[in-house]
Structures are given as structure tokens and as C-alpha cells.
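Letters A, B, C and D name the chains as they come in the text, with residue numbers starting at 1 for each one.
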């Protein structure tokens, strides 16, 4: 847990980090070239292969996830990008027939080592899913769920502070301040997804995995989530699976292109989109396959 | 086509037949015994004198002791099948390998397919003596027709009811919730208790209501293993009698429909029908709204 | 579809015609005490004659006679067993429903025993003990009554054990119950001189006092099934049970009969009349049915034959206590002649 | 945090253990149920027989017999059996001793002797040996169901009878053989003569009546509701009504049968016809619900294809949809029938709980049913009836399990189809 920001650190994060004050053009920040240069890898995978019921889904993937950066995984449907992202916090363990070979490390620790605690791993590597999936509980309880099971807060006041902070950082607080006791499912789709992000943040993970977080949302809601991701990058390492090349281009610092279960190309987002090395990448980013 | 419509009205006719026959006979009964005496009376002693020159029992028709006995046995049964069935369903739905599940689920369902008279036999010759001896060895007085014996066996019988209805409810909870909880670093049990069961609660509650209605109407186990005397008690080691036992006792052999004694069986039947119908309607309603929630 | 309708109509025809078709099987109802003898005879009768085996239902003597007297015709039973003699009120009821001719057959004797499990001590009772333990109201001094206060046998009689009074017995539909209240309860009741005097003065209240059984749970009505009582006694050594001698005879490995007034319920004691609580057993036949339902005459003959009710007959093996030779000959003659019941 | 994590994992293991325990408990109960019933019932399939050496003279048959034709029927075979017993044990003289000797063989021995002589009247006047049924008490001791060294008070055989038993055993006049009677006879007061054939026939007739009524009615209702019924309040009411009927306690159906079929329609008591009718009403909802699900699962394309070929709605249903839905319909029917077969309570209400010796020959004959027979025997005091009860249960379980298995297989096959 040493890498997670402590509560005091969280509290110290200036308000400028929240979406409201981020200003008129948060994407401008992303475009700054310095932001993209080499950062150390937070997670790495080496020779990662995955199969479902003996049907291979992913072949021999080597990929580094840079810390405090947004890494986008792109590729046509069925290319293995969702499979890959689910390997990073071992969500694939849920599927009985799934077999994983190779290694994935997190801060140099093999997350598939036999003594690795999946529960601890998942508190460090959080996840946001394709479809918003709030629990059938109130907005407050949804956000407080993680801190409660992990025993992160000592008192009720502390818990409330953390919940409110998480909601604020997810850019949802202003909209739900008056109805924290309303069921999470009563929110709109975009709000639900931000609630899910707030829920993930509340656990204070180091890495947030996002599996097509905007695919079920309308353009306006999508824009808000994108702003949010841009803002969160300062404190978290983010991996995002996306179908939208524009989104990958706007948001990410690093892009990895998957095709038919193989990692075809990875590199700085600009490089991948402007000057792809591989023919398949070129075809994809130009919209010829997909 | 007319044939088809006629066939579909048979089910309505059946219900009408049940309601009519119960009401007509009960009405005759209530002409002899006031409704309030029946519903609120604390004393049940239906053996009236059958000749003018005979002294029988006082002929008290208070259904409360029967209801209390029925509820006691049902409560015991549900306190067995509720937790065991629910835990079994959770294990099968969330932990077991598909192979284990496909092997064990049908085995559990065998329990539901066994005729109830078999359970009655088992309760009477195995469980009841066992409880008696067990109770004696620790210095407890256990009646040989204890509510406990009937309740336990009835509980075992209804395990598959609870487990398959809960299983349906649990598997109907979308995987996205499961993943959300696991993704936040919940253990499986935290996921189940805090998220899945909460989401499946209406379905499980509906299932329990249906099981309760089944348990209340169960006849053979109590006829063979429970007592005949109306005993107003909550001690599960004592003998109690139930509504169904009394119906059977009053009507086997007796074919006369002019005595309060015989007719009271129909009043009991009406009571039983009303109670189980209410439970069923409530259960179906809960399950239905729940299903709609996830569709 | 019309074919289906035809089939259904045909099925309905079969059902209706079937219901109207005459019964060719004797139906017997009545006493649970006579039931084992009646079924044994029925079985023998079914196997040795071309007739069908009669259907026997155990409804209690009272319940049986009530059914029996309900009318003439296929829907009503032909024979009713009784563990007591038919009452005048029942004969009147029969007559009201057009049943004037009834043949009475005395079968033999039966003792009513008060038994408990062999796992416990044998009880030594008197008629007075029985009355005091089971009556609804008991005398509290001369001419006064109180609701039965006794909860243990020791309170009734210091010589008895200090166990709770718990007696499984038959309901009012049972002839055993009738005989029990008349012989045992009334017998104990009469041992109080002032009550005995009451009999002449006020017969109604005398009967109400002597025949009323307590309803506070000490006396448990155990239904018409004597077998069940035996099983319950086996399971509950604290309880006593009231039933016919034949059931004691069949279950000597499980239960033992209490002595009453020093006499044990044995075959000899009951046959001699020394055991105080014994009564004759009967069955009653509807004469009007004898010619419409086949086999009634033959069934009666089987019952009244030496190989059935004789001293070495198969009913004796079942626990029936045979009548004396003279009595048997007398009743056999009445059976052959179909002599009408006279009260 | 680490300590908390450890606790959480411990809680996880505990929870999982509870789940496993719940399943284990249920399976143990199931296992115990079967084990005890098999253990209790196994003995009933064996029956002890005793060899009697007979010598009958024509005089045994002519005594007092006026009618020439049925002298073979009317003879007192009981007396002949008793005489043979006395001859085998001449040392038992007193009435009491003789009575206990007679109690060694079944009262059915006389019928066995009659049957043998009927088949071969030439045996009269010769020496022959007949293996007759032992009485239930002797049978239980010989089979070891009752320990031989139990104190006399807890034994049904007294010391004299025990020595008779041992003498028979030592001279090879006692043997155990398969109990055919159990499968071929009707009910009896004597355990050794009692069988389940009557009850099984009663069950068969009831279930046939039940099927004949419930199957067509159920399928037609399902077809109507699923294919033709307008969606209005009336059909909505029918639907709610059906799902409620499915959960009405079975005994209430018995009350309906008693009040309607017996008291109003005047149908005969104790008849499989009435039993079947009551069971049919109970089974109907199960069949309707299963059939509707089966019809619903037939892909709409089948219907459209039939319509495209010009089939009328009724033709489409009966020629195309129903045949495809049949496996599902049958599954429901079998499960419903299995329930009906095991049902007891409603039958008690309509008088199918009588002592019936003769095997029923049609649906109007008085009869019991297998589960009712179990109920009746379970209340009988003779210990030999306890093992017969368990054996009857075994037979009942074999049938219900077979039916449920068939249904499960059918469902599996059917599930693979779409």
C-alpha cells in the first residue's frame, strides 16, 4: 500500500485537479509534449498468452504501462484488448476455463505468483467496466463500499470525507450532493459511470483499468468522462480500452494496437497514429480494418 | 378452438370448485360454531358426542392451537431449509465447478422428488426415536411426536425448494455487479453477502414465501410424525398438531356431513387455502417485480 | 376434434354407467376393535369362496353404526362392526331411514386393557384410580365436585408411581370408549356411595359426572387406530394406553396390561369374566342387502363357523376371546336363520 | 491492513466452508434416508418357508361335504396343516403348547396346500412335502431381524417356539427364498401374505386416469394461452390462477374431491377413478406451465415458415409447433405424473385408505395406491410390516426416480436442440 496516496495526501491535492476548476481546455495539458516522454513502467507484461477453454485469445504480449500516464489499448473487436486489460487485475480468474501463461508484474511483483493475494492486487489495480454497474445501493453506499470492506476509514466522519472527496474527484459531487441516499441506479448513464469511477477512486488504487468506459454513453457524457480521465492522470496510472481512435488520440500518452490476439504495435500515441510501423496498424488507424 | 378454450377454463373451474366446496361446507359449519370462536378460540377438542345418550368431549373448535402448531413446525422447517438451502445455492452458484454443480444439483433435486409419505416414515421411525434418545441422554424430555422431528424432516425435504429458487435468483444477478465488486477488491464472500444477496433478496424472499406455503400445507409428514392433541406451546420438544393433521384425522373414515366435527375439517381447509393463497400471491408478486427489474 | 369429443363422451358414459352398476363387494365399517377379526374373516372368505373380498374400513363403532343406519342401497355399508351393543337411539335412527330388519351377531368377548410400555413398571390399578385419574370432575367431599386436580398417579393413589398422568385413549366414535366409560369409569364412579345414590335420583347428572373424561391434556384422544396407540406407548414409556385385549395379545413384546382390581388382563381372566373391564363384540347386518349384495350370507357363515370363532379357530389366534360352546351354538343358529334384532 | 486482509480471507474460507457444509449435510441426509430405507427394506424380499410332511387321506375331504363338485375347495386345510405340525412335534401336548406351535406357520399355509392339491389331486393318499410360509414372527427371527438372544419379553417367539425353530433348522426344514408374494399379492393382515400388487395396480389405474385427463387438458390449455389467447384481463386471470393452483396444498384438492366428486356427483368411494381425477387437477398446472415454456421456446421462425406455406394457425400449431415442443411437454408431464404417483394426502380424503385385499380390475374397483399402502403399513404394529413398508417405499422410489431421471434426460436432450 506504500504506493497509494494516503488520505492526507489526497486531501492535499489542490482543487485544480478536479474537473470543475480544470478550466476551459484540459486537453491542452495533454498535448504538451513533455507529458508524453518516458516514465518508468508501473506494470509490465512479458510473454502473456491467454486462452479460453483451449481457444487462444492472446499471444505472447510484451507491454509496459508507464506510471501516471494514460495507456490506450485499441484494435478491432475480438482482438484481445479486453482480455489483456482483465489480466492486469486478474479479473479473468472468474472465468473457469481461462488459462493465463507468461508474466505480469506490478511494481516489479509478479501478480500471477502463487502467493499473490488477488484481493490486495485488485485494491491496487482498480477497474471501471464497459457498462455502468452501480450496486443496488445508495450513491453514498456505492462509493463507500470499497473503503468499508477494506477498513480504510476509522470513523464515520472520515468515511464521509472520503466519499465526498471521491465523488468530487469524479466530478459528480455537485450533481448528487442533495441525494446521496438515492439509489445509484436512479442516475443517468453518464452519471452512473462517473459514480463507478468515484467508487473505484475511493479505494485509492494505483492503477485504474477502464474497459471501454464510454461505449454505453452519449457524446456529452463521453466528453465529461474524458475530461475526468485527463484530470485523474496526475495521480493514477490509467489503462483504457477503447473502440474510438479519436478518443485514444485525444486521451492517451501511449497506445498499443492489438490485432487477432497479438500486440502489433506500441508506442507514443502520436507515433502510433502519425507514423505507424506496421501495415495492419496503418490500415486500422486509417479505418480500413475494424 | 372451442375445445382449447374449454380446456383452459378447467383450471378456473378447479379453483371455483375448491372455493365453492370449501365455502359451502364451511358455511354449514359456521352456522353451528361462530366464526370468531373458530378463529380466535384457544381450545381445540372436536370430538363431540355422536349420540344423544352419550357424553363426548365439549366440542371446542378454536383453531389457534392448530395454527400455532402449524407455525411452530413450519418455523423449524424453514430454519433448517432456509439457511441450508440458501448456503447450498450460494455454493453451487458461486463456488462450485460446473462439473460438481451438474453432479450435485440433480442429487439435491431428488430430495424434492421423494414422496412425502417416505419422509413421514423416516421421521417417525428414525428421526423421532433418535431425538428422544438424544434428549434423554442429556436429560431432556422429548415427546415421541415432537414438533422438532417433523420440522427437521420437513426442512430437509424443502432444501431443494429453497436452493433452486435461490439459485435462480442468484444467477439472475448480472455478472457486471459481481465484477464490479471483485474489481474493487472484495473477496468472493464479501461480493456475495454485500452485493449479490442484496440484489437477489426479493427473489430469495419470494422463494422462501413459496417454501413456507408449501411447508404449511404439507400433510403426510405431520400426519405420520406429529401429534394429534392440540397443544398450545412453543416448545419444539413437545407434541403439537397441525391444521392438515386435523383435516386428515377428522375426515378419514368419517363420511357424514351433518356434524360440526366433520364440517370443521372444511373450515380448516378454507383457512389453509386462504393462508397459502395469500403467501403464493405475495411470493409471485415479489418474484415478478424482481424479474422485471433485471430484464 | 370431433373424434376427441366422442372419446370424452364415451368415457363419460363409462363413468356414469359404472357408477350405476350394482356393487358386488361387501362393505364393512365400524369398530377398530372388531376390525382385525373382521379383516381376517374377510380375507379367509375372499380366498375360500368365489366372492370378492369385502372392503373393511375402521371408523369406530359409533361412526360405523351412523353410516350403517344412513340408508339402504349401494352407497351405504352392509355390515357394521361394533365393540358394544347397538343403542336404542341408533336403532331408532336406522328405523327412521327405512332399515327395520337388522341381524345381530355376537362374535365373542374382548377385554379393555390399560397398558404401558414394557420398558416401565407394570401398573396396578383399581377402577377408582382410573376414575379419579381420568374424570373431568372428581368428588371433593360429600356431594361436592371439583375440576380434576390430579396431575400425577401418586396424587390419585399413593401406591402408584409419581409419573404424570398421560393416557392415550379412543375418541367418542369408538365403541372401546363407550365400553370403557360404562365399565371402568362408571365402575370407579360408583365406588363413591353418594354418587351411587345419585343414579336413582338424577340419572342425567349421574351420567354426566361418571362418563365425562377430562380435556386438559391428561387424556389424549389418539384416533381410531389402536395399532398407533401401541406404537406410541412403545415410544413413550411414561404413557398408558386404552385399547382392546387383542392388541395387547398381538404386542406382548412391547406392552403390558395393568392389573385392574388385582386381575391381569389375560385370556383366561377375561373369558372367565374375572377381569372387570370386558365387553362383548358384535356385528350388525342389514337384512335388506342380503339379497342384493352377493356373499353376505356366506360371510356371516364364515364368521360363525367353528374354524373362525371356535376355541381353536383362527380368530382366537388373533386375540378374540370365544364365547362358550352353548352361546356359540345359539348365535350360530341365529345367523343361519337370520333372526331379527330385538332390543 | 495486512491483519485485516488475513481476517477477510479467513472469513472467506469460513463462508465457503459453510456453503460446502450445507451441501454436505443435504447429501448426508439423502444418503442416510436411502441407506436406512434400503437396510430396513432389504429383508422383505426374502421369505422363510417351513417344510411340512403331509399325509392326507380321502377322509379328510369327505367329512361333512355334501356338494360333490367343490369338496376340494371346502376342505379344512387349516386343520390339515395343524395336524402335520402336531405330527412333526408330537412332544407338544398341552393346548398352550400346541397354540404356540401353530403360530410358527402362516395362516396362508392352508391356501398353499389347497393350491398344491388343486394342481395335483393325486397327492391325496400319498406322502409328500410342502414348503409353507412361516409366520411373520418366525420369519423375522430366522432372517435375523430380531436377535435370537433377546430376552423373552422383547421377543415375539417364546422359548418353546425358539426350540421348534432350531429343530426345524437343524433338520433342514427351514429355508429362505425370494418373496414373490410381496409382488403378486394384495394387502393382508398377515405380513407374510401381504403384497403390493393391489396398491401398485391402484396406483397404475389412478395415474392412467390422471394422465388421460391432465395431459390433453394441460396441453390444450397451454396451446390456447400461448398461441391463441388474446392478452386481456381474462387470460391474465387464468394465468395467475394457474400459478396459484400449482401451489395449493394437495390436501385441499382432496377436500375438493370429497365434496364434489363423492358428495355431489356421487362417484364411488375408494375408486382409482376419483383418485385419478383429483390427481389430474393437481397435475394440471405443472403440465400447463411446462408446456407453455416448451411452446414458447420454439423459435418464431418455425411458425412463420408454416404460415408462409399457407398453414392455418391451428395447423401451424398442431403440425409444426407442438411436435417440436413435445419433449418439453413430455418432461413436464412426466414430472407431474411422478408427483401424482407419490401423492398420498388427497387420496386419504376420498377413501382410498381402506383395507383392500383383492386386486382391482378396473378404475371403479376399490383400491389403495402405493404411497397409501406405505402409510397404512407404517402404522401396523407387526415388526415384519416395518420392513415391508420400507420395501414398498423402495419400489415407489424406484418408480419416481426412474420417472424423474427420464424427465431429466429428456430435458437435457431437448436443451441441446435450440
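Throughout what follows, a residue touches a chain if its C-beta (ideal position, glycine included) is under 8 Å from a C-beta of that chain, and two chains touch if they have at least 3 such contacts.
Quick caveat: nothing in here was measured; it's all calculated off a predicted structure.
> From subunit C, which chain is the farthest off, judged by mean CA positions?
A
> Take the average of all CA coordinates in subunit B, do the same for subunit C, and state the distance between these two points in whole angstrom.
So the centroids are 36 Å from each other.
> Please work out the Cα centroid separation of subunit A and subunit B, and write it as a whole number of Å.
51
> Using Cα averages as centroids, what's the distance between subunit C and subunit D in whole Å?
Each chain's C-alpha centroid was found; their separation is 30 Å.
> Centroid from C-alpha atoms only, then distance subunit B to subunit D, rounded to Å. What do you get?
Distance between chain centres: 25 Å.
> Specify, in ascending order, the residues of subunit B that touch 2 or more different other chains.
In subunit B, the residues touching two or more other chains are 3, 187, 190, 255.
> At which residue positions does subunit D touch at least two other chains?
8-9, 216, 351
> In subunit C, what residues contact two or more other chains?
In subunit C, residues 4, 57-58 touch at least two other chains, as defined above.
> Quick one: which chain pairs are touching?
All chain pairs meeting the touch criterion are A-B, A-D, B-C, B-D, C-D.
> Using the touch definition from the top, list the residues of subunit A that touch subunit D in their complex.
So the residues of subunit A in touch with subunit D come to 1, 117, 119-120, 149-151.
> Taking the complex as given, what residues does subunit B use to touch subunit D?
1, 3-5, 7-12, 14-15, 17-18, 21-22, 24-25, 83-88, 90-92, 94-95, 104, 106-111, 113-118, 120-122, 124-126, 156, 159-160, 163, 187-190, 192-193, 210, 213-214, 216-220, 223-224, 244, 247-248, 251-252, 255, 257, 265-266, 269, 272-273, 276-277, 280-281, 284
> Can you name the residues of subunit C that touch subunit B in the complex?
It comes out as residues 1, 4-5, 29, 57-60, 62-63, 66-67, 70, 87-90, 171-173, 178, 181, 207-208, 211-213, 215, 217, 220-224, 232, 235-236.
> Report the residues of subunit D in contact with subunit B in the complex, numbered from low to high.
8-9, 11-12, 15-16, 18-23, 25-27, 29-30, 32-33, 36-37, 40, 216-218, 220-221, 223-225, 228-229, 237-238, 240-245, 247-253, 255-256, 258-260, 263, 269, 281, 284-285, 288, 314, 338, 341-345, 348-349, 351, 353, 371-372, 374-375, 378, 386, 389-390, 393, 396-397, 400-401, 404, 408
> What does subunit D use to touch subunit C in their complex?
For subunit D paired with subunit C, touching residues are 73-74, 76, 78-79, 95, 99, 102-103, 107, 111, 153-156, 186, 188-190, 193, 212, 216, 266-268, 270, 273, 351, 354-358, 362-366, 379-382.
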